[in-house]
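Two complexes come next, and they have one chain in common, chain A, joined by chain B in the first and chain C in the second.
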Partner chain A sequence: MTTYIIRRLLQAIPLLLGIVTLVFIIVHAAPGDPTAMYVQPGVSPEVIEQMRENWGLDRPIHIQYLSWLRSFLTGDLGVSLTQNRPIVAILAERIPNTLILSGASLLLIFAIGIAIGIVQAVRQHSRLDHVLTLGALFLYSMPSFWLGLMLILILAYKVHLLEWWPAVLKFPASGMTGVDYDLMGGWAKLGDRLHHLVLPSIALGVASAASVARYMRSSMLEVIRQDYIRTARAKGLSERTVILKHALKNALLPIVTLLGLYIPFLFSGAVLVEYVFSWPGMGRTMVDAIYQRDYPLVMATTFIFAVFVVIANLIADILYAVVDPRIRYE
Partner chain B sequence: MGAPLLRVEDLRAYFHTADGVVRAVDGVSFSLEPGETLGIVGESGCGKTVACLSILRLLDPPGRIEPGSRIMLRDRELTAASEEEMRSVRGNEISMIFQEPMTSLNPVWTIGDQIAETLRRHRRARPAEARRRAAEMLRLMGIGFPEQRLDEYPHQFSGGMRQRAMLAMALACDPSVLIADEPTTALDVTIQAEILDLLAGLQERLGMGLVFVSHDLGVIAQIADRVIVMYAGQVVESGTADEIFRRPRHPYSEGLLRATPRVGRKMQQLSVIPGSVASPKLWPSGCRFHPRCPYAWDRCREELPVLRGEARAVRCWLEEEPARRTGGWDGAALAEDR
Partner chain C sequence: MRRAPTLGTVVALLLMGCGEGAERAEQGEFIPDSLRYGGTAVVAYHVEPSSMNQFASVDNISLELQNFVLFTTLIRYDESLEPVPYLAERWDTAATSDGMALSFHLHDDVRWHDGRLTTAHDVKFTFDRIKDPRTAFPNQSLLALYDSAAVQDSFTITFYLRRHPGFLDPWRRISPMPEHILGNVAPSELGQHRFGSESPLGNGPFRFLEHRSGDRWVFEAVPDFPQSLGGRPYIDRLVYRVIEEPTTSLSGLLAGEVDICLSVAPHQVAEIEANPTTRVLSFPALSYAFIAWNGRRPLFQDARVRRALTLAINREQIVQAVRHGLGIPAKGPVPPFHWAYHEELEPLPYDPDSARALLAAAGWLDRDGDGIREHDVIRASFELRTHPRADREDIMTLVQADLAKVGLEVRLRVQEAQSLRRDITSRERPFDAFVLGWTADFRLDDRILFACSQLDAPFQWASYCNPRVDELLDQVTRIEDRSQALPLWHEYQEILQWEQPYTFLYYEVRPNGVRERIRDVRMDARGDLVNVTDWWIEPAARRSAN
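Then we have the complex of A and B:
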């Protein structure tokens, strides 16, 4: 297993290299450069030209690429051209925020999706099954940023006007913490963070949860027809044990594959949702960096996302072997 | 002696589907004594498996046991038992093993876990105790190194070994009835013989009643004390194994026997029963076997014969009009062979 993991990580190196090269070409092919935002009536073209020279943007593109690659490989991600801060510092601040949001969403996607899928399969063709199918389709068809806006409008604004609405269900509209966060005690801090996490993670995760539920339902229905389920019933096991022990683990096998597939979606979704909820994460940083042609920051954020996706896929493959004893990696 | 170990009376199991009622099992009765082996024979689709599943009340909807059917385990009426009661019967008093050992074990749990589970469920055994007993069961089934085997998964077992593991699971709680639904059909002939020997030996040792279902008369002849022959959801003939195999009285049993190859008997061609079992949605009128019967006459097309007799019973009008037993299978088989 260890050899397998090491081999997979080594295989990822050329992949990541290919990705950053491609991104480098694409951002530089886009019109404009980082100096554009400094162009103002009071700033003379010579100053702009001087900035370009300082940042090395006047050199031929392949020289720029090689010099960027050289410092990148030595671990130097450079300095953000717009924030004038080391990129490492920016990433250190933003990465955990994005991981918190995507982690919460991931948990929501799989916990809710799997639970609903099981219920639907067990109660196939019941009214509940139909209602959940319709609901899943509805949520699945909804764009995450719009859902985010609706959640803010209703659960973070309208309900605040209602006297009787419980305070716990009045959610904050943006940010990761409340204004009085620094004055809170330990538990209150945790509560405040969780409270801020609810709406964005729902906005980010609900569509995927709906599709996981669809997959889980059909996977479960497939498993329930198997001979070994009849064997389990013939042993006198309760329906609960039959479903949650004998059927569930088998039904999860195809779902584990989804884990690897959803992670990239989750990160790209995070870009929009972080914007809507003013969540100080990687997604927002990346979008801002792209708009401002902050080349080093674009490269660094893209690279980090690519690494996340590679790792997530590796984890999915390892999980596969954990759930299915028939799979062994050499 | 009091009530038999297991008594099935007028068992009817129907599937109420959108396009009609499928009468898969239509009035089957039999009984089983401790230590006895009852063979159930018949072609595919004649209701054997549905009958077995009904005894454990394991039919999936839309299948259901019709009112009026009775399944008595000693003096308990299983058709009236609650689901909870049934769960304490399944795997504990009545166990069942299935045709496909390859797919009947759960691929993602270890063999040991699957055997021990039965013990934990019915005997409230602690994990260590259940494991010890599971190893003991595997050894009893003739599996070497049972301790190591417990931690293996079904895919690491061969077909024959999986059926042994199924048996270990089924017999772990020492049930009084074992229902074996074509347990050897999917196995190689040599493995098949081993499993049959094992079953016979276990039965002698544990004294359980065994219901053995097969379409293979050779296998039934080897293992059964008494035999019932099923056709189109009904019993058409019953008797001791000897009686059925030496002197079959129902034309269907006759045909089945003729279609079984035997060592030492030279045959140019294996005879067949022409046609196939009718659809259970629309059984033929009169005797359900008449479209394939070489003796059939008008009465067979119109009236369903009753099962006449007690221990030795036959469902055929020939019992009333024996003079009509002329011609028979040779003509029919030839007609088909042409």
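Then we have the complex of A and C:
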């Protein structure tokens, strides 16, 4: 297994290099450059030229690429041209925020998705099954940014007008922490963070949870029709044991592989959800960087996203082996 | 709440168990000065300030935070836009052989937030770096007519400059930077120094506390900020939050998470006004919306055609539909509150019949009966562009409909901002017409937009050239006496009105949403944060920390 992981990681290196090279070419081919936001009346062309020189943008593109690659390979990601600070510092601030958000969503997706899927499979063709199917399809078809806005409108604004609505269910509309976060005690801080996490992680995760529920339902249905389940029932085991102990593990197998599919999906979804909820994560950083042509920051953020996706796929493959003993990687 | 004014208030707050319970307190209730100190004000806006470093930033909100919150400018403008002392307690001028000498006498008790005194050396340092081309200070042109600076003593600095109107204006816009922090940084690295976003050290009424990128900037009142500059601000903390999505910031404002929401969307105004805990503060801003007609295109070469275009566009309707009334139909490039504004000039009316007559007189007739006019072989059809922004796109749609009524075909194109910028600023001017906004300055200089000498420069979008306008624009930048300059400004506006290089759509009225609990907030064209040190929060309506 270890050699397998190492081989996979080594294989990822040319892939990642290809990605950053491609991104470098695309972002430099896009019209405009980082000085564009300074092109204003009162800003003379000489100043713009000087900025280009200070930022090394006056050099031929292949020289820029080689120089970027050299510092990149030595671990120097450079300085953001729009935020005027080292990119490492920006990433250190932003990566955890995105991981918190997508981690919470991931939990939500699998916990809710799996639970609902099991219920539906066990009660196949019941009224509950139909209602849940309809609900899942409804949520699945809902764009995350729109759902986010609706959640904000209702749970972060309208309910504030209701006297009787419990305060803990009045959610903040944006940000990761409240205004007075720094002045709070330890538990209050944790509570404040969780409170801020609820709406964005729902907005980000709910559609995927719905689709996990669909997968879980069909996978479970397939499993409980098999002979060994009939055997388990014939042994006189309770239905609960049959489902949760014997059927679940096999039914989970295809679901676990979804993990690898959902993580990239979550990161791209995070771009919109972070925007709507003003969540200071990587997605927003990347989009802002693209609009402002902040080349070094675009390169760094896309690289990080690519790494996440590669790792997520690897994790999915490993989990596959863990869940299904028949699978061996050599 | 970190620092409450009285024990009584704290107890009252604890008993109520929430921070904003008494928000609907009587508006007229008098609160003595001593009880006004304390609390946190949260300002939200959709723009992340690029830097607290004057050498690097050009965006407006960075400038406001620098000049009104973190640093001190030498002078300020009062409400009638007259210069008044700030960091400089006074100034005097003297004539020299080739211009003038301008001496600023600084207050001797303004300290950087690490305790050092702010001196003339800091001002000199800032001036030198701005003038140094290696710094690439974006707004070098502010000091284009300034030649040199000399420190007279620790608190006196003299500038030598060529005489020009508005020579004080740069000093309401430039805050001195601390030499003892940045003095050793190479000029070419000043802009990207971490000072700007991680550890800015100011000398203003608030000091820097924290910056979380994409999230917030936090500032804290400086308790011993000198009385001569206004003294300690009332609020304890100022939190600037970046919220990009307008619906999110509106919800935050209405729910009490945000106290001041800058530049709300016009369609949100009614909801803010309907809410008893919030109000709208609006004021005429410096910006206006316009359509630039590319004068190199045959269709737009004739002033009669351009006038017809303006006559055919219902600007009042645009203001109502797009801005929900928050705009003043424009008649030229001078904003209404500017001293040079031409009061008597009648704006061109909405008059499609006159527009048709003018188009016909200019030779544009619909000969083939397809509803579109032609002149020789050229059809009166053009592409109107803008960048992705809802209000500008709405304007385009309305303009398209209006111009169709007089026989012009408008094709609409929404183009990504940077690629649009590349097209309109390139020498070839590969566009027909576009809708954009422009922000005027208190010290107006429109040469960049309409002077013949600028025809190849990035901002001469109309490719407009009129020697008389050149003369006027040159003269007004030299005449210091406003009463002498005014007739020239008027003539300039009259000519532009007649020749319409642009169709000036409307001057923007900027609406800001404010919670009622924040008192004494004033905002005008000088800035949203212009009197941030005077803001105070009703003691009973302050947030509680827990």
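Definition applied: the second predicted complex is superposed on the first by the 330 of 330 C-alpha atoms of A that agree within 3 Å, B and C clash if a C-alpha of one lies under 4 Å from a C-alpha of the other, contacts with A are read in each partner's own complex, and residues count from 1 in each chain.
By definition in this document, contacts are C-beta pairs under 8 Å (C-beta built on N, C-alpha and C of every residue); 3 or more make two chains touch, one makes a residue touch a chain.
Keep in mind it's a predicted model, so treat the numbers as computed, not measured.
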| item | value |
| --- | --- |
| Partner chain(s) touched by A:Leu237 [first = chain B, second = chain C, both, neither] | first |
| First, second, both or neither for A:Gly175, with chain B first and chain C second | second |
| Contacts of A:Ile90 with chain B and chain C, given as first, second, both or neither | second |
| First (chain B), second (chain C), both or neither touched by A:Thr21 | neither |
| Most chain A residues touched (candidates chain B, chain C) | C |
| Contacts of A:His246 with chain B and chain C, given as first, second, both or neither | first |
| Which superposed partner A:Val43 touches (first chain B, second chain C, both, neither) | second |
| Contacting residues of chain B [partner chain A, same complex] | 56, 58, 86-92, 95-96, 98, 100, 103-110, 117-118, 121-122, 153, 155, 166, 169 |
| Chain A - residues contacting chain B, complex | 226-228, 230-238, 241, 245-246, 249-250, 253, 323-326 |
| Touch list for chain C against partner chain A, complex | 1-2, 40, 42, 48, 50-51, 53, 56, 58-59, 133-134, 136-142, 188-189, 191-194, 196-198, 210, 212-216, 218, 239, 241-245, 247-252, 254-257, 416-419, 421-422, 425, 441, 448-449, 457-459, 543-546 |
| Contact footprint of chain C on chain A as seen in their complex | 30-32, 36-47, 50-51, 54, 79, 81-86, 89-90, 93-94, 149, 152-153, 156-157, 160, 170, 172-176, 178-180, 182-185, 188, 275-278, 280-281, 284-285, 288, 291, 293 |
